[in-house]
Each structure stands twice: as structure tokens, then as C-alpha cells.
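What follows is chain A paired twice: with chain B in the first complex and chain C in the second.
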Partner chain A sequence: MKRFGNRFGMGAIGLALIAAPVAAGNRLIAAGQPVAVAKSVLTVTPSVEWNKLGARPGRNSETWTFDGDALNDLTFYGGIEPEQTLFREVSKRNKPLPRVKVTMLVTDIPTLVENSYRIALDTPLFTVEGMEPMAFAGKPGIRFTYNFTRPDEDLPRKGEGRGAIIGGKLYLITFEAPRLHYFDAGVTAFRQVADSAKL
Partner chain B sequence: MAGWIIAVALAGAALGGGVPDKPAPLPPYGAAYTPTTVDERGLWQQADEAERDLRDSPVVVRDAALNAYMAKVLCRSVGEDRCRGVRIYVVRAPVFNASMMPNGMMVVYTGALLRLRDEAELAAVLGHEFGHFEQRHTLASFRRGRTIGDIIAWTSMISPYSTLPASLIQLHFAYDRAQESEADMMGLRYLTAAGYRPFAASHIWERLMAEQDATALGRKRHVTHRYAAGFFADHPTHLSRAIDLRAAAGSEGDRGDDALDAFQTAMRPWRAGFLADQIKLNDFGGSEYLLAELANGAWTPELLLTRGELYRERGNPRDLVSAAQFYQQAIDQGCTDPVAWRGLGLSLLRGQQVAAGRAALKTYLEKAPAASDRAAMAMLIGEGGVQ
Partner chain C sequence: MRRGWNALALAAALTMAAAPLAAQEKTGNRPGFTLAPGTATIVLMRPEIQVGAQSTGGAYEPNADWTDQARENLGKALAEAQGRLGNRVVNFVEPVGQGAATAHEYRALFTTLADSVITYQFFPGNRLPTKKREDSFLWSIGPEVASLPGVQGADYALFVTTEDHYGSTGRKLLQVFAAAAVGVGVTSGMHKGYAGLIDLKTGDLVWLNADQAMGGDVRTPEGAAKRVAQLLEGFPGKPVEAAAPAPSAPAKTASR
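Right after this comes the complex of A and B.
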């Protein structure tokens, strides 16, 4: 998750200044233009402007936001391969994350998200509220909703995810925000982005 | 030079940091106890603030019956007069832990409740934490740490290459470990006095060691037994705690009440939830050990169902075969929870046994017509959904 990105944000900025000053920074995503996301073939066309964060939660992922990732966080996971984790592990030795499995069904995606969050955020307060079938990039997929609370914060957050297993890889888009105001304010824009997903 | 510094250090340590005020003579659990010294007041203020935060947190389990049971066990263990100074907070966290704040706020994790076998073991944990409170261990450790910090600061100024700071740091952690051992022994004394089975205290640590080994093996790590506490360890090793507690319990250690039935009755409504939190930790070895330990040879439908979920979530092809077997066994043993058919169906589908999997999912939907994942399951059966 991007939250971990912030911890080494300063180091990343330092490196970025030397290595690739333009590519590594945060960037504006223009409205109405198709854009490839998460270093993958997944393409979306947002109808409003978003901000893309330079820090990625993992290798094949990318985060967009309006007001900062603590307030609204849209994350793309573009083709996570079997035996890979959803995002970067906090500690491979002591807190290993669950991995995408070749045998996974679309209904296992919410569980993968739930267990990954529980371990990475160190919180037992994560509930998948429901799931239903919904096409993702024209393929059979799933839509699910969840709520969670990060430890030492006590701020209830809501989330919604849309995903599918396509060609053995996991494609997923999640949106999460505080339950108070921010979720309802941003979820329409998220759904538009998820609806526009193409492979 | 070095000898002179050590002399100053020891004098400072002996004086307890030269703090003139002594702990108040009244016990901290007394009614309306007010800390009198600057240090104790400060620590209580911090603890009060932490308690205010925790009290309103969604992570606290607020069930009246569970909290009443915890208070009852504490009161039986340490006595009616003492237990009134303590507020117990059951915190939802799937790891073994419990802690005590200097103001009488006690925290017990649900992971500890899942791992304890009977009331005697719970009483041992509560008695141990109460021992920290009664002996004002936080205050003593804070003062000791401050004194040692002072000495290290002066030493590094006067004699920068001295090895004294290293020994002092070691001394500090050794002191914390001594406090833990003292609290262990106090917990054991309370346990014995209340008529509980004294061996209960050592059993906890013996099982925790086995669980840690199982976790390590499940993650393909080397099992590393620690026979001595490390330099920075603030607790003694599980091994030394188990040995010391067993030795102190003496030859009469297996006599006494373990109040197994009362404990199981209190935990029955909670165990499925605690287990669900445990198996989502991606700790296959530890969870499998814990389930076998809970089953103790007699696998109940509830435990079989959880074991099925554990195997299904790991999801290797052979795990899916095992998971389907566990769900089927749970059903054969009279499990009525629709989730068993859901798990069975999903395991079979993932194992490419489509017809049998769909049949099990159909049974799930018949048994749980209002399930929140109804439409998604119907899609897997082939009835509707987006194809």
C-alpha cells in the first residue's frame, strides 16, 4: 500500500532527483484521454482529472488520488502473476503476505485483499461486506465492498474493488476512503474509471 | 579512570538516581489511590491518556458477559480487595499478549484467550499482569532507565571509549527480565492461593514454544531455540519461564482446580471469531498447530470447518483436496453452518471438480438464501452473472 511508500519517501525523492526527475514524481492525469496504468496493458479513460502518485505500492501497481492517498486512494493492480503478492511485503520473514494462486477463482480476490491488508496494516478490523459478479474489461469479474480501520487511527474507512483473473493474472482496481464524506464523494469517479478499463 | 567511573555509576544506581521522593506507602490498587511522587504522577497521566484513547477504540471487545467473566477470574485470582483497582480491556488482536499500565489498566489480547486452555491458565496471565501493577514495575523500570541514561551520558563525556555503557545497558534489560520473573512468581502465588492448578502457568509457555516452532517450520525457516535471553531482550526466554514456573510450582503442581468448564462456556461464543482472525494471518504452521492443539484428538465440526478454510486459503492443489475433505468431515459430523458447503464447493471448483463443486454451492445457496455473496456464487454455478 502507498502508506508504506511514505516512510521511505524522502529517500525515493532523493534518488529520483538524481536518476529520473520527471518519471518518478507525482503527475497529473488528464481527463478524457486513455492511459495505460500499473506498468501493464490495462488502460483506463478517466472523465475527470486525477493525481498519480510517484510511489507505487508494489511492482505492478499504481495509485491515483484527489486529495492525497489518506483521503481517497484509487489503486490499480495490473496483472499480478501467480506466486506474487498483491503489494510489497513489510517483512518477508515475519509477516509474509498471501500470494496469488493459479487455482484462484474470482471469488477468492476479496479474501486475498482482506488477508493482505490485515497482515500489512496489522489490523483485525477488516470486513468484506459483499460481492457480486460484474464484468471487468469485458471479462467475467467481481465487484466487492469492504470496510476497515487502520490501527491507532480509529477512522472507519470504506472500500470497493473490481477485479478479474485474466490469462492467469490478477487485475484489480480498488478505491478506499474514510467513510465520512470522502468515500461517497469519490466513489462515482472511481466507478467511471473502473468501467472504462480495457485490456 | 574507569574504576572511578564505575564507582560513580554504582553509587548513582544505588541511590536510585538520587531521586529524593520514595514510592507512596499505599498500594496502587487501593480505592481512590492518588500517586504522590512526580515520576509516578507523570506515568499515571500518560497511562490515563492511553486508557482514554483505548476505551473508545473500535478494537475493544465490549461484550458484557465476556468482560464480567474476565473480572471474575481476576478477582478470584488476586482477591476482591485488589481486583477493584483494575480495568480489563479485551482487545481484538490475533496474537498472544497481555499488558499492564501503571494506573491499573490491563489489556488482554483475544489471541491470548484463543491460546489459553482453561481458567487456571487465564488466572496465571491475569495474576502475572497484576503483579506488575502491584509492584509498580513501570515506575521502577522508568527510574532505573533514567539513572542508567544519566550515567551513560556522563561517562561518554568523561571517558568516550569506556565499555561501561554497554554493561549498563545490559544491566537495564536484565533488570526488566528480573521484573518479568518476579511477576511470574507473583502470578504463581496468586494462582496457588486461589486454589487453581499451579502447573497451568508453565503449560502456557511450553505450548507457545511449540507454536513458534510450528510457525517457523511452516515458513520454511530454521527452528531456533533460545536457551538464553538476548542482550536486548526485556523478557526471559519462554523456556526459562516454563522451567522456573514448573520448578516453583513444586511437587503439588498438578493439584488444584482448572475450572475448564467455566472457561469453555465463557469462550464458546467467541472461539469461531478468534479462529477466523487467526487463520487470516497467513501463518499456516502456527494455525495448524493451534487447531490440532484445540482439537486435542477430537476434531469438532467447528474446528474442521476452520481447518478447511485454512487449507483452502493457502490454495496449493493438494491443499484443496485436504480442504474438501475437512469440509466434508465437518458436514458428516453434523455441521449446520452453510459456510461448510460454500467452502466445499469452492475447494472442489478450484480443484477442477466442477460438477461436485457446483452441487455443493447449490446446497450452500439453499441453506443461506440471503447470503451477501449469493450472486457471485450463482455465477460460479453457472446461473446468471457476467459471462
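Right after this comes the complex of A and C.
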């Protein structure tokens, strides 16, 4: 879901489209091997194969998928530092993205995700469904569920996130997919990846 | 003036982005899938049709009149074509209430699926590693589609999506100006057409014809007929096609 560039920002449009195929290098993530993700110390061990997309939604993130990011999108945010955003800015002057704060609690993570998506996707249709405490990489963390629809298509999507604030940085893994078939088909594989997270 | 440069920069970017699309495949077949004429019932889903204008800067502006014209013209052309597909093609009877909403959501899912096939399969340089094996063509909308009201008793569902952005006068002028003065190509208009056959037992996509540069002006009856012919080109089990030597491997249609 993170191809914001092709909808927002004049310069970004061309860059995103060009960057996707050229810099692509979509890579295979093998099953059963620990792998460091999102240019960080966060490590996961998937039990099934995934594809890692060449295009990143932001500097400290990376996206895995089975069938393309519009159908199943697992995104890692590896240690987003205070005053940084989840994604690349869409329109810094007119619609700045919310930033990670030093004072953030784990219960603030769903709100950060919601506000970032509302701006980046330009959609009013985003709802956090629920949240509960759940350990992340052995530290106190949060699990939350949400749903959203992009403004240019009538395809409701469901999402689930697991994250924590560790050493003052935000670590987060999200999974999202159309609620028809794809979410249920992929969420078990996502939960396995999130359960395997280590720092 | 700044705005003008922005538009030019955008145009240049768009052109560069459009270049690799030329080498793209436009048709996919699930390996081993064949459909003999006269053996199956295919339900034709209500087509998703959108028509609008493309402004000078490239933004899309929907046009309700054009969309209505296209609906009527494409509807007639499809009705005429469906008798010649070699198998029994019935129209999807739109359910009421929740069923209608679910049907609409499935059509949106098909469009997103086709977009993904184009991005991650038809464009070889961007193909997902797990989709590269043995010419595989493994795409699905899920087996749950079998419970959609209105598809019971059918073997396959045919989904059709078209989206047309006609270049405004300003856009066309920009195209000419950019080519002549700056030497960059600007695309004017967007004409995307997807037709896909879903196996209703598994939800698997067994055949897809998807192109983002289709011909035929859908606002006219003749254009719509041309568009439908292009959408259904290579349709499995179609008598004319069946007479020709049928390719067993996934068809790789050259760019037209």
C-alpha cells in the first residue's frame, strides 16, 4: 500500500514510478533463515517464503509481500528515531506527517499510524478497531487492528500492527490486505514473522 | 511559470516511466488451463467502467456523461460478443442488499488483482521472485467467491474493467509543445482495459488480458466494439482462436 508517490506530490509522482522498476531488485526472502530488516538491528525468521520489494516506503522501513503490496503488504519500521516520520513526507509544507516523539507510549503507536495514513493516503476512511498489550521482541509492546479504504478504490482493507518503543526508537511491523480473502489468507504468516522478531 | 515547469517535469517523468511499459506482456494464462468450446457456463460480471478527462497537469476528472455513454456502448458490444465466445455466457444477475455490495467489492478486488499482475508479473524486470518459477501464473481472488450470490451453477466468472482518461485540449497542446520545444514525450490520455476469467471453484485467475493502452473510443458504439474485441482477444475456448494453433505455454503477446 505504500506507493504514495504515484498519487501525491508532483515530483514524487515521476520518481516513484521510475524508482519502482529500475531500483526494483525485488528479492526472495528464504524460509527458516533469520534476516535483518529495515536497515536496522531488528531480525525476524519467517517460516514461509516472502518477496522483499525493492521500493521502500521510508528510510528505515521495508516491505514484504506474497502477491504485490496492494494485495498483501507486510511492512517493517526498524527503529524510527524521535522527530522522524513513518513514511517519506507527502507534502511537508501543506500536510506534514506526524512525528515520533520522545515521550511516546506504546498506546500512542496506533494513533501515529492512523494520522500518518490519513495524510499519506489522503483518506478519511481509517479506523483503529482495537488494541491490547502484547510483547514485541521480548519487550512490552502493543498489538492493534485497523481498517481503511483508499479514496480511489472501493476495496476495504484490514490491517494489524505489532510494535514497541525500545531505546527511544519506534519498532513496528504491520500487515494489511483486502478484507476479501487476502487478509485472512496472509495474517497467520504475518503473526509468525512478528512473533519471531528479535533485537 | 513555476507551475508550467512543474508540469513539464512531471511530463518528462511520466514519459520516462512509461517507456518500460512498451516491453510488457499483456496476456497471461494459468499453465495447463484449457477451455473447450461448449463445455462451460461463464457468468459475465457487470463491467466496471470509468471515463473522464485528463487535465493539462495530468489529473483525472470524472465525466458522468461519458461514463454513461461508455456503459451503454460497452454493454451492447459485450452482449453482442458474448454469443461468440464458444461457451454459454450468462449475465450476472445483480443481487440486492449486501450481496450487491459484495459483488462490487469483488469487482474492485479483480481490478486490484489485475493491477498487481501487470506490476509484478507482466513487467519482467519487476517480477516477484516467487512468481518467476516455471512460467508460473498463480493469482487468485480466493475460493470464497463461490458463495457470492448470483454465481451458483456457473463454472467461470468473466470480469471486465475499463478506465479511460481522455486528454484535454490543454494536455494535447502540452504534448505537442513538449515534443517540439523541449524534446520530451508527454502521454496524453490513459486507456486501460482488463478482462479476466476466474475459476469459480478455486477463485484462481485462469486467463487475463490487461493493457493500459487499449484502443477504441468507448464513448462511441464503434469504438466500444473495437475495445470489446481487444478485451476478448485470445479468450479461451473462442472458436476462431481455437481453430488457430493454440499455444500451450502462457501466451506472451507482443506489444501492439
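The definition used in the following text is that the second predicted complex is superposed on the first by the 178 of 199 C-alpha atoms of A that agree within 3 Å, B and C clash if a C-alpha of one lies under 4 Å from a C-alpha of the other, contacts with A are read in each partner's own complex, and residues count from 1 in each chain.
By our rule, a contact is a pair of C-beta atoms (placed from the backbone, for glycine too) under 8 Å apart; a residue touches a chain by one contact, two chains touch by 3 or more.
Note that the coordinates shown come from a computational prediction; the quantities given were computed from them, not determined experimentally.
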Touching partner for A:Leu97 - first (chain B), second (chain C), both, neither: first
First (chain B), second (chain C), both or neither touched by A:Asn26: second
Partner chain in contact with A:Leu71 - chain B first, chain C second, else both or neither: second
Touched partner set for A:Leu199, first chain B, second chain C, both or neither: neither
Partner chain in contact with A:Glu49 - chain B first, chain C second, else both or neither: second
First (chain B), second (chain C), both or neither touched by A:Leu125: first
First (chain B), second (chain C), both or neither touched by A:Pro133: first
Partner chain in contact with A:Tyr182 - chain B first, chain C second, else both or neither: second
Chain B versus chain C as contact partner of A:Val41, first or second or both or neither: neither
Overlapping contact positions on chain A, where the chain C interface meets the chain B interface: 154, 156
Residues of chain A touching chain C in the complex: 10-11, 13-15, 17-18, 20-21, 24, 26-28, 49-51, 65-68, 70-71, 153-156, 178, 180-182, 185
Of chain A, residues touching chain B in the complex: 93, 96-98, 101, 103-108, 111, 114-115, 118-119, 123-125, 129-135, 140-142, 149, 151, 154, 156
Chain A-facing residues of chain B, complex: 56-59, 92-94, 110, 219, 221, 277, 280-282, 313, 315-317, 320, 346, 349-351, 372-373, 375-380, 384-387
Sites on chain C touched by chain A in the complex: 6, 9-10, 12-14, 16-17, 20, 57-58, 102, 104-106, 108-109, 111-113, 115-116, 119-120, 123, 125-131, 139-145, 203
